[in-house]
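Take a look at these structures.
Look at the two complexes coming up: chain A is in both, with chain B in one and chain C in the other.
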Partner chain A sequence: MLKKRNVREAIAGYLFASPIIIAILVFTIVPIFQAGYYSFTDYDALLQQKYRIRFNAQEALENYFFVSPDEAPSDEELLSLFDPVDFIELSVGVDLDDRQKELVRKEFNSRKLIADFLEFKLDRIYIFSDFMKSYMKNGASTFSRYVPQFVGLSNFLEAFKDRMFWISLKNAVVFSLVVTPIQTLLAIVLAVAANQRIRGVKFFKVSFFLPSITSAAAISMIFLLIYSKPGVLNRLLGYLGIGPVDWLGNIRTALPSIMAMNIWTTAGYFMVTFLAGLQDIPTSIIEASMIDGANAWVRFWRITIPMLRNQIIFVVTMGIIGTLQVFDQIYFLIRNQENITISMYIYQNAFSYGKMGYASAIAMILFLIIFSVTFVQRRLMPEERF
Partner chain B sequence: MRRGSKVGRTIAYILLITYAIISFGPFVWALLVSITPMTYEKDGQRFGVDIMQWPPKINLFSWPPRVFGAPATLSNYRTVFEVVPYARWILNTVIYAGLTTLGHLLFDSMGGYAFARLRFPGKNLIFTLFLATMMVPAYVTIIPVYNLMVRYNLVNTYAGLFLPKLTGVVTLFMMRQFFLNLPTEIEEAAIIDGAGVVRRFFQIALPMAKPALAALAIYTFLGTWNDFLWPLLMTSDKSMFTLTMGLNFFRTSYYTFWQLMMAATLFMTLPMVIVFLSFQRYFIESGVTSGLKG
Partner chain C sequence: MKKLGLLLVVLLVVALGFSEVVVRLGGWVSSPSEEQALEEVVKAFNEEYAGKIKLVYEPIPGDYKVKLTAMLSAGTAPDIFYLDTSWAEEFFRKGVIQPLDLLIRKHALDLEDFYPSLIEAFKYDGRIYGLPKDFSTLALFYNKRMFDEAGLEYPNENWTWVDLVYAATKLTRDLDGDGQIDVWGLSLYRDGAFNRVIPFIVQAGGKVVNEDLTTALGDPDSVEGIRFYIDLHRKYGVAVTPQDVGAGWLGDAFGKEKAAMVMSGPWMLGFLRDNFPNVDYGVAELPRYKKRATMVYTVCYAIPKTSEHKDEAFIALKYLVTEGMKTFTERLGVLPARISLAKDLINDPVKGAFMKGVSYAIPWRIPTPSGIFSKAENEINTRISKVWMGEMTLEEAIDEIVKNYDSWVR
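Showing the complex of A and B:
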């Protein structure tokens, strides 16, 4: 009886958990291993597409022979002129490596192709891999699936020699090391201020929280306006005698401008976290320290900060992990390659240059960095907190 | 000592008010620009508007009120719908965020319940594995997932947008924590009454989970509404763009249509502000949104 119930409970458990198990498996766990595999290969998105090329076989052959079947050429004559490797490379436009060339010379059914050509059977759009399936006697699978070459550690070695990798990594690390402490400290100061038995705490909380619920894309657009050369920031700074600066156009100011924007976005959000922590500090501790004659400065460093330890570790870790991966703001506002961050460099390699193997290797390096940060956090704060 | 705390509170007020201005300022500025006409007519002549001027010439005592010296107008908000397929982008974003939220509500709560309440072999191993994936940055998985979407021709489809986002480990964890903290007595009573797992989940646990589900829905909807990276990869066709993707449309290499861009920016922010103001306690008190942003 009990046994039967356990079995039924296990079945129910699997049924309930199966959607999320399948989804995480397909969209997270398998891709992690795939990315790991990519990072040791020369995976090239452009090559991956090459066997998917579409062409009209009839037209391609007419161009190849400079002759139309209407002119009734003999098949023997055409066959003697036909070289399948030339045809694939020049008329279809797919580059073959030496091994593939040899295979094509050996296994390509030229006679069948030319017979079909003379009977006008080819006048439709072919996908290259399907075309090869029809006209290779053997080994057509070589042209159906793109298999990237295994290149060992060379992507990682390339990264270490790649100037742009170091620049983008340095930018992300500097971004993180500047933004995280400032936003954390600012959030604590704001929280301490809001904890002084102030009227309208709710109003302040709401207004500080507003930037963090706005999309990074929208915030980028608003700051594009504010930072523009004739924009309001330069007008205001003009009163202080600071000349107009092209904040986002100048290599030296573009990244700091985005850092300031990022601090603005998140400081108010983390302030709410700290305020909750401050409200948990027993007032008796503070009163005792006041009787001992501790001034506000000493109280801040000796009581407030140690009491907020857990919140600080949490906010700093979240801050570092988030800022190391900053992307949207960089995409919208950075126009200079010298100022991009590592996530942007991964994006560019994978989706602009098609170098998915190399991009995966860099992503693995980023993973390692973030893993170390999380590891340190776990060490400092053993209990789980989310 | 009393004097000290009074000084302290004055400093606190100055600090908080200053930061409130800094926090609000950019939104107010964007709002002003968004209600400024591109050009306006006066005495039969057409005038351009300098939206970069400081201080912005504002006159609230005329009708219509004047901003940047020009009569305020809401026409930019209408023009946005005429010059770009903005209504379509709203629809796309609602579908993307809506379906993603529904997926999370159903699958995360089912999964959370299973991992919290039900015993099945391999449960702890699977859960530990899930937790480990939380440390993996999105940039590791997006390349293979993108290739998967390309292989099944899902680029520029709704399925391509929302399928990979239907569940998540962070939100699963949230729901599991919630069910773990829920008292078990009622469910135990239901077991004695012979209620099966499905009935226990849908009739007892889920109705009690309403606050957690609300927080989950807000968190997911907001995150997806504001998402940029995945729509950037999944949509290349203008008719499939989401709102964040569309914002770039108002600037060209030669000219930026500031008024339209700000109107579009505020238009997509407004629904989230309304959600936020209506459900503040879920944002501010529950701490459930921790990790919402970097």
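Showing the complex of A and C:
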């Protein structure tokens, strides 16, 4: 009896959770495996519908022979003029590879097609794969679905020889190494500040958190103005006698500028994590240390930081993952190939350069890098359980 | 009896309604006024073809090329959509776009009335894959007040590079005597500038690619063109980027009167009218050197091979490039791709310069072995920016481009 109830409860539970399970399955799990598969192929999204193109067979044949059936010569004569490979490639417009050409030459039922043509049976819209099903004696399945060419490891090997791959990877790593420690430290400082019992602390909490809920596009536009040559930053620096710098245009300053902006937007978000951690620190420990004569500085380093260990591990992990994948701010603000990060390079390959397979391979490499960094990090700094 | 008649009429209307073929039209979302004009054209078409074809306008917001690729790959692309010259060839090559030659013959569309360079822009392998929606060429905008104050004659069609540098030098001025230049002769793009450099390359007698699709940017004439563009900033000191003067783009820099001249397209006309109505300007053809050259940017309507209703789609497409183009040009002031509509514009004091350019303009489409130029474009743009900033010399940049070009366009 009890067992049955358990099963029913489990079913109900999964039903309740099913929207998110399905969403994750469809939009995360399946795409990950798909990308893994594509990384070993020359997949091209534009070819996906290659065998689904529609055409009027009658018109295509009239165009091929330059005659209509009523004025056509005998079927034998037409047959002698007919080359199925030429017909498919030129009049229908589907490119065939060598293997397919051979197959078509061997198995295409030209006689049947010509007979149907002369009897006006073809004057309708065909989908290419269905057309092949009707007129191939064997092997029509080759034309039922686009299958990308398997290319083995060549996408991965290409990445290692690609200068832009290394530049963009280096940029992402530098970005991560600079941003992660600073944003973590800043988030702790902000959290400690927001945890004080002073007037208007809510205002500070809100303003620290605000950047992380503002859209990346809006923030990018604001920073575009701040960093521009006659912008606020240069005006302030002008008072110090520092000449105007084209922060985002200059190859040397572009990436550091984005880093600063990224730290500003993410620190507030992680502050919330630390704020929760701070509120978990028992006041008794702090009071005891105060009785022992520890000042604020000592309390911060000796009590606050060690007590926040789990939060720090979490924030550093999320920080590394986030910074290695940084994309939107680069997409909006960087105009120079020397300064792009690896996610941007994946995007360019996938959507501008028509190299989806290569882009998938780089995405897989990035996945492996992030996976191993996180793995090593978890080993070196295991979370403490109280 | 009466009731039966009514019933028949209703049935007929319903039957007609069902026999209507729906043709979907997709495009990127530009200005609200353009969307309005397009909707008007669609409405007029639907009235004329009521009961036969129903054209439905479905704008595609966001990253257009990415979304269109996804739609084509899923088989849900509209029956007619826009393609831009700069990346259309990739789509032609992959066999996703319907060649229009047979449909043009079948539906008797007169191609003679289109500017040949605009038809050429959408040809691949001898076939026509799209018909031009409208076009833009680059011309020289100049600020009349500044020219008057400097005592200079306005630019005319005989202007050469020498005249350009001379005028720009005179127009680059420090107005308040604080040792800082307030107004520049020219504003030019530094980032993503390659398509703006191409007219200079061709004016200098150079070209971008050879017949065999290898790069011709290393040719002395081509180098001369690139060098002149960058020298306007580095050597003559008469040109800065819009960002340098706190402007978002060329039109902004020109409207704020920070630059006396810019080379831009007709999209600037509406912008200046709406935002800087007090700036008194003129438009002339681009200055020449060994040759005359400008860029032409154009967009076409295309039909995917997977469309279920190609004939109906073409009838709608034909309407868009005939009646529709007429409405567009009258309402929006864009430049018509058909000669019969453009006749009066050639003598227009403002639009004339753009219209004259179309006869010698180069389409913004660089042929490559793979059909994809965007990687090479990014790499070349990066190097032009670096030379402009003095991060590398032009010789080094050209050397790198020539050495690596092949790997960028494979």
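As a convention for this text, the second predicted complex is superposed on the first by the 239 of 386 C-alpha atoms of A that agree within 3 Å, B and C clash if a C-alpha of one lies under 4 Å from a C-alpha of the other, contacts with A are read in each partner's own complex, and residues count from 1 in each chain.
What we mean here is this: contacts are C-beta pairs under 8 Å (C-beta built on N, C-alpha and C of every residue); 3 or more make two chains touch, one makes a residue touch a chain.
All figures in this text were calculated on a predicted structure; none of them were measured in a lab.
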item	value
First (chain B), second (chain C), both or neither touched by A:P256	neither
Which superposed partner A:G354 touches (first chain B, second chain C, both, neither)	second
Of chain B and chain C, the chain that contacts the larger number of chain A residues	B
Touched partner set for A:S228, first chain B, second chain C, both or neither	both
Chain B versus chain C as contact partner of A:G139, first or second or both or neither	neither
Partner chain in contact with A:I53 - chain B first, chain C second, else both or neither	second
First, second, both or neither for A:P181, with chain B first and chain C second	neither
Which of chain B and chain C A:P148 touches, first, second, both or neither	neither
Partner chain in contact with A:T273 - chain B first, chain C second, else both or neither	first
Chain A residues contacted in one complex by chain B, in the other by chain C	45, 48, 228, 230-231, 351
Interface residues, chain C side, partner chain A - complex	63, 65-66, 69-70, 72-75, 87, 90-91, 94-96, 98-99, 102, 190-192, 241, 243-246, 305-308, 310, 370-372, 374-375, 378-379, 381-382, 385-386, 389, 391
Chain A partner contacts - residues on chain B that touch it in the complex	1, 4-5, 8-9, 11-13, 15-16, 19-20, 22-24, 26-27, 29-30, 33, 52-54, 106-108, 110-111, 113-115, 118-121, 123, 126, 129-130, 133, 135-148, 163-164, 166-167, 169-170, 172-174, 177, 196-198, 201, 222, 225-229, 232-233, 244, 247-248, 251, 256, 258, 261-262, 265-266, 268-269, 272-273, 275-277, 280, 283-284, 287, 290-294
Residue numbers on chain A that touch chain B, as the complex places them	6, 8-14, 16-17, 19-21, 23-24, 26-32, 34-35, 38, 45, 48, 189-190, 192-194, 196-198, 203-226, 228, 230-232, 235-236, 262, 264-266, 268-269, 272-273, 276, 290, 295-296, 314, 318-319, 321-323, 325-328, 331-332, 343, 346-347, 350-351, 356, 359-360, 363-364, 366-367, 370-371, 374, 386
Footprint of chain C on chain A - complex, ascending	44-50, 52-55, 59, 63, 93-95, 125, 228-231, 246, 249-251, 335-338, 348, 351-354
